[in-house]
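Structures incoming, each one as structure tokens.
One chain, subunit A, links the two complexes that follow: it is found with subunit B in the first and with subunit C in the second.
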Partner chain A sequence: MAVNKIPAFIDNIDGRNKKNKLFLGLVIAMSLLTVVPIFFIISKIIINGIGQINFNFFVQTSPDSLQAMTAITNNETIPGGIANGIMGTFLIVLVSSVMAIPVGMMIGIYLYENQDRRYSNILRNITEILQGVPSIVLGIISYLWIVKNITNGFSAFAGSVALSIMMLPMIIRSTEETMKMIPNEIREAAFAMGAPYHNVILRVLIPTGFSGLSTGILLSLSRILGETAPLMMTALGSSVINYNITKPTSAVPLLIWEFYNDPNMVKLVWSSSLFLMAFVLTLNILSRRIAAKRKIGKKR
Partner chain B sequence: MTETLINIEKPVLKVRDLSIAYEAGKYAVKEINADIESKAITAIMGPSGCGKSTLLRAFNRMHELYPNIKTKGAIYLNDKDIHEMSTIELRRKIGMVFQRPNPFPTMNIYENVIAGYKLNGIKLKRSERDEIVEKSLTNVTLWDEVKDSLFKKGTFLSGGQQQRLCIARAIAFNPEVLLLDEPTSALDPVATARIEDLLVDLKKDYTILLVTHNMSQAARISDNSMFMYLGELVEYGKTDTMFTNPKDPRTEGYLTGKFG
Partner chain C sequence: MNSDKLTKTILFSASLLVLIVAAGIMFSLIGGAIPAFKAFGLKFIITNKWNPTEGHEVYGALPFIAGTLITSILALIICLPLAFSTSLFVAEYFRNTRVANILSSLVDLLAGIPSIVYGLWGFYTLRPFIVNLGLSDQGFGIFTSSLILAIMIIPFATSLSTEIISMVPDELKEAAYSLGATRLEVIFNVIIPNARSGIIASYILALGRALGETMAVTMLIGNSNVMPSGLFGAGNTMASIIANQFGEASGLKLSSLIAIGLILFAITGIVNSIGKYIIKQFS
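Take a look at the complex of A and B:
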């Protein structure tokens, strides 16, 4: 077909190229705008925090204000560390995982098995609403339920309840998505051997979806690790290492808040933040690697 | 529909007035009557969507996994109604192999073979397990190929090997009947030929029901053939007779390639 009329856009090719370049520049500028702050945040935390990081930082409990003040006036590093916070975080997160992971996985499997039921849709909506509930509200709820009525005082358990409710939506969703990715033939093969339902779930579906499930769990853990607000109303904090879940317990984000409120311990804010950030980052990277390594049904 | 019954002495499976509907009034399988010959290969043929897979799955009640399924009529395994048996008991007696090879991806070859025992919580001694694994893999002519890599994942095998592993997994339970749902449709011709030889070998010990899309495969290895069309069992007879002298015009049309 012969071209009778040159289309208008060819006339203006220079103008189009200029617009293209302008737009490209804009996109690059915007992406830098998001990368640069992250870079500054990380470098600031590392520069300010690294000075306090030593072996004692991980094994000793937090110092009191006087010790910190003396150290600062003598120009020494502040003694003590955040061992009470680290142990408390582990305790609280462990208990909330024990509560949230089995329940969340069971709900996720239920949603997958009964996808179109009315009840499933209601459950899915509730899960979404739960994900949007501010963490401080969960803290208040846990305060009313657990602190007031069950442990009769601030406790690690109350903190775990609040955090496990935060974990639930993520675990439910990731379980359902993982189950959807498992080829139906695998389930059929198990049922065709007469396997009872619970064995199909425990011995076939969960091992097959292991990578997806663990990714979801790690991501939900990294989300709750930095939570401070619900813990203020529930776990409260403690200056000693506590292993009893019915007693007030410290946590790393709680310690950061306490250090922030004490002008003598500002340096510790940075080092605790560095520790928390490194930990969460490690979990995130780990979950990504697991997800990339073992894709379900790739080798078939 | 009694004309579709052929005379078979001591049938292992008897189907009586079997109808299966996925939705009310929409039948996937309509009033089927048939006797299945013991220790023989029975092929079920027909165009896509004719209900052959549904019929096959009805034999070990796998079709009940679909939601809203309605089943009428009865199937008897050795004169016992399969709907009165527990699915666990039934599926131990009637094993199944699927269209695409589906070894369990998290288990190694050894565990895949004894998966039936494991998943049903049956405890075996180590020597018993070893014996079952070796015997099953030998029966499917896979033993020599995998005996040095028993503890590697089953998914590293080739498609044909995986499918033979799945057959080994089904016969490890020592079932009476083996159901195969287009077992070679995902395989290349060489692997297909091996599976066909294997099935002819296995019919000494097992009753085999084979759904196939491939007419020449049915002609090569089956003793009896069923032809299904739109959920009905149009014709059922000895494979030789049916391929040389079909009684129903629809069967003739399908076999000569007019449709399907």
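Take a look at the complex of A and C:
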């Protein structure tokens, strides 16, 4: 422990105290510097974005470049909104949730039930590797699998596949962690009453771990909602609201990217970012709230 | 009894999906990259030309590998003092206080902001700032991208090292205090030696994060397909060249982009595995 290095008896206590205080000051200054960007980012987006937000923003589809230009030259607010993006995001995220959440929970429960098997360890390692795969690589994969071979063109489904591969490892891990928290007595009691295995899972384990499971789900949703790169290569974008998962579909982050690249629509960038950020951060904070509550509940 | 067996079989077959997806990713990336490696050989990795002109097609990954590694490592260096101070603030100096809670939730918020929003903020705020400082004409480039990456990975570097610093046993710290050590001496002689490998692992995992970041970097790096000329020069990363050119690519170019994806996949995989391995040794 290198305790012998501590110069406790060297008579230089003033200098050491000074150094000590100096370091504390440095730590406080650096820590405050760390949170400065978050205020800058959030205030910039709110200030620039709030002006464009009105009812139409949520129910109309995105304008084309010409409409936006006319509005700017006439000094009006740009017409239209991001309804196509909102519906697209909803569709893509819904489909990926349907694919990733049930399977991910099953795998998490499998890992919990077979904790010490070699196979489980291999599975855990592979899950960790999957979790580290950059989202852009998942975009390539979904392009190769779905766009080229299944939907024969860009589609919402391809976007969903990319995002569901992103979600899967997060769901698996949070399910396994949650299951580990459930006292074994509860399971044993259920088995002792003669409950069949699937009932133990569906009626005991999942309800008991509900708050933990929902934390994991909300966190993973907040992660995939803002993903842009994989959707550029799979869902592509669309200027109309689309409900067909085999057709190109827009999404809020895709619209932000389009607005960013079109000088006439730059104003819309901020309001759509504000919407996306508010949505993602709400989910994020909500999930942390649930997690914090669970911790307090456990202490009692 | 039979239904129990059925349930177990269902759970087991679900677990096969992970293996299939992982194997499928490897298979598709390698399969897609073969034409590029066939055309250019392993020299693909060390060629620094990217020329899509028909007839003179030459593709090499070196500028992008360099761009990715330089921006990510620079981001890590910028993030290090900030993340380390924050974890000391939360896990040592102001442990379990209200202000530490607020600080750590603010840092967590950084993790929730989408990459594209970071890119926008970087483009409209950070880039003009760099221009005003006179560091570069346009404000695009390696340094700007590293700065935004540093902000993006702070929460990942902080949360794990906070946890590890708070795990250092109180007895050890108290022993040092009883010998007359100041807090600074306790931090450098007791806490850091005890938590060293865990702290290093958390920075390695944060590096893994930075390597794969796409949108924010794409919007700030300047997207020029050459070797980065300096700290403030423009460049391109593996992720951003894929994001920029994948849409219109076909044939050999598409295969080269997939090959870059494969290299990116391999590098992040290796970096993450090292981080995870150190963590496992630690606990």
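Keep this in mind: the second predicted complex is superposed on the first by the 283 of 300 C-alpha atoms of A that agree within 3 Å, B and C clash if a C-alpha of one lies under 4 Å from a C-alpha of the other, contacts with A are read in each partner's own complex, and residues count from 1 in each chain.
Here is the rule we use: contacts are C-beta pairs under 8 Å (C-beta built on N, C-alpha and C of every residue); 3 or more make two chains touch, one makes a residue touch a chain.
The structure presented is a predicted model; accordingly, all values stated were derived computationally and were not measured.
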item	value
Of subunit C and subunit B, partner touching more subunit A residues	C
First, second, both or neither for A:A192, with subunit B first and subunit C second	first
Contacts of A:L276 with subunit B and subunit C, given as first, second, both or neither	second
Touching partner for A:I172 - first (subunit B), second (subunit C), both, neither	second
Partner chain in contact with A:I41 - subunit B first, subunit C second, else both or neither	second
First, second, both or neither for A:L144, with subunit B first and subunit C second	second
Partner chain in contact with A:R203 - subunit B first, subunit C second, else both or neither	first
Subunit B versus subunit C as contact partner of A:A229, first or second or both or neither	second
Which superposed partner A:A162 touches (first subunit B, second subunit C, both, neither)	neither
Shared subunit A contacts, counted only where both subunit B and subunit C touch the same residue	196
Subunit A residues within the subunit C interface of the complex	1-3, 5-9, 16-17, 19-20, 23-24, 26-31, 33-35, 37-38, 40-41, 44-45, 103, 106-107, 109-111, 113, 119, 123, 126-130, 132-141, 143-145, 165, 168, 172, 196-198, 201, 222, 225-229, 232-233, 253, 256-257, 260, 269-270, 273, 276-277, 280-281, 284-285, 288
Contacting residues of subunit C [partner subunit A, same complex]	3-4, 6-8, 10-12, 14-15, 17-19, 21-22, 24-25, 28-29, 32, 81-86, 88-90, 93, 103, 105-121, 123-125, 151, 154, 158, 172, 175-176, 179-185, 187, 189-190, 193-194, 208, 211-215, 218-219, 239, 242-243, 246-247, 257-258, 261, 264-265, 268-269, 272-273, 276
Interfacial residue positions of subunit A with respect to subunit B in the complex	183, 185-186, 188-196, 199-200, 203-204, 207-208, 210, 296-297, 299-300
Contact footprint of subunit A on subunit B as seen in their complex	60, 62, 65, 87-92, 95-96, 98-100, 102-106, 115-116, 118-121, 153, 155-156, 166, 169-170, 173
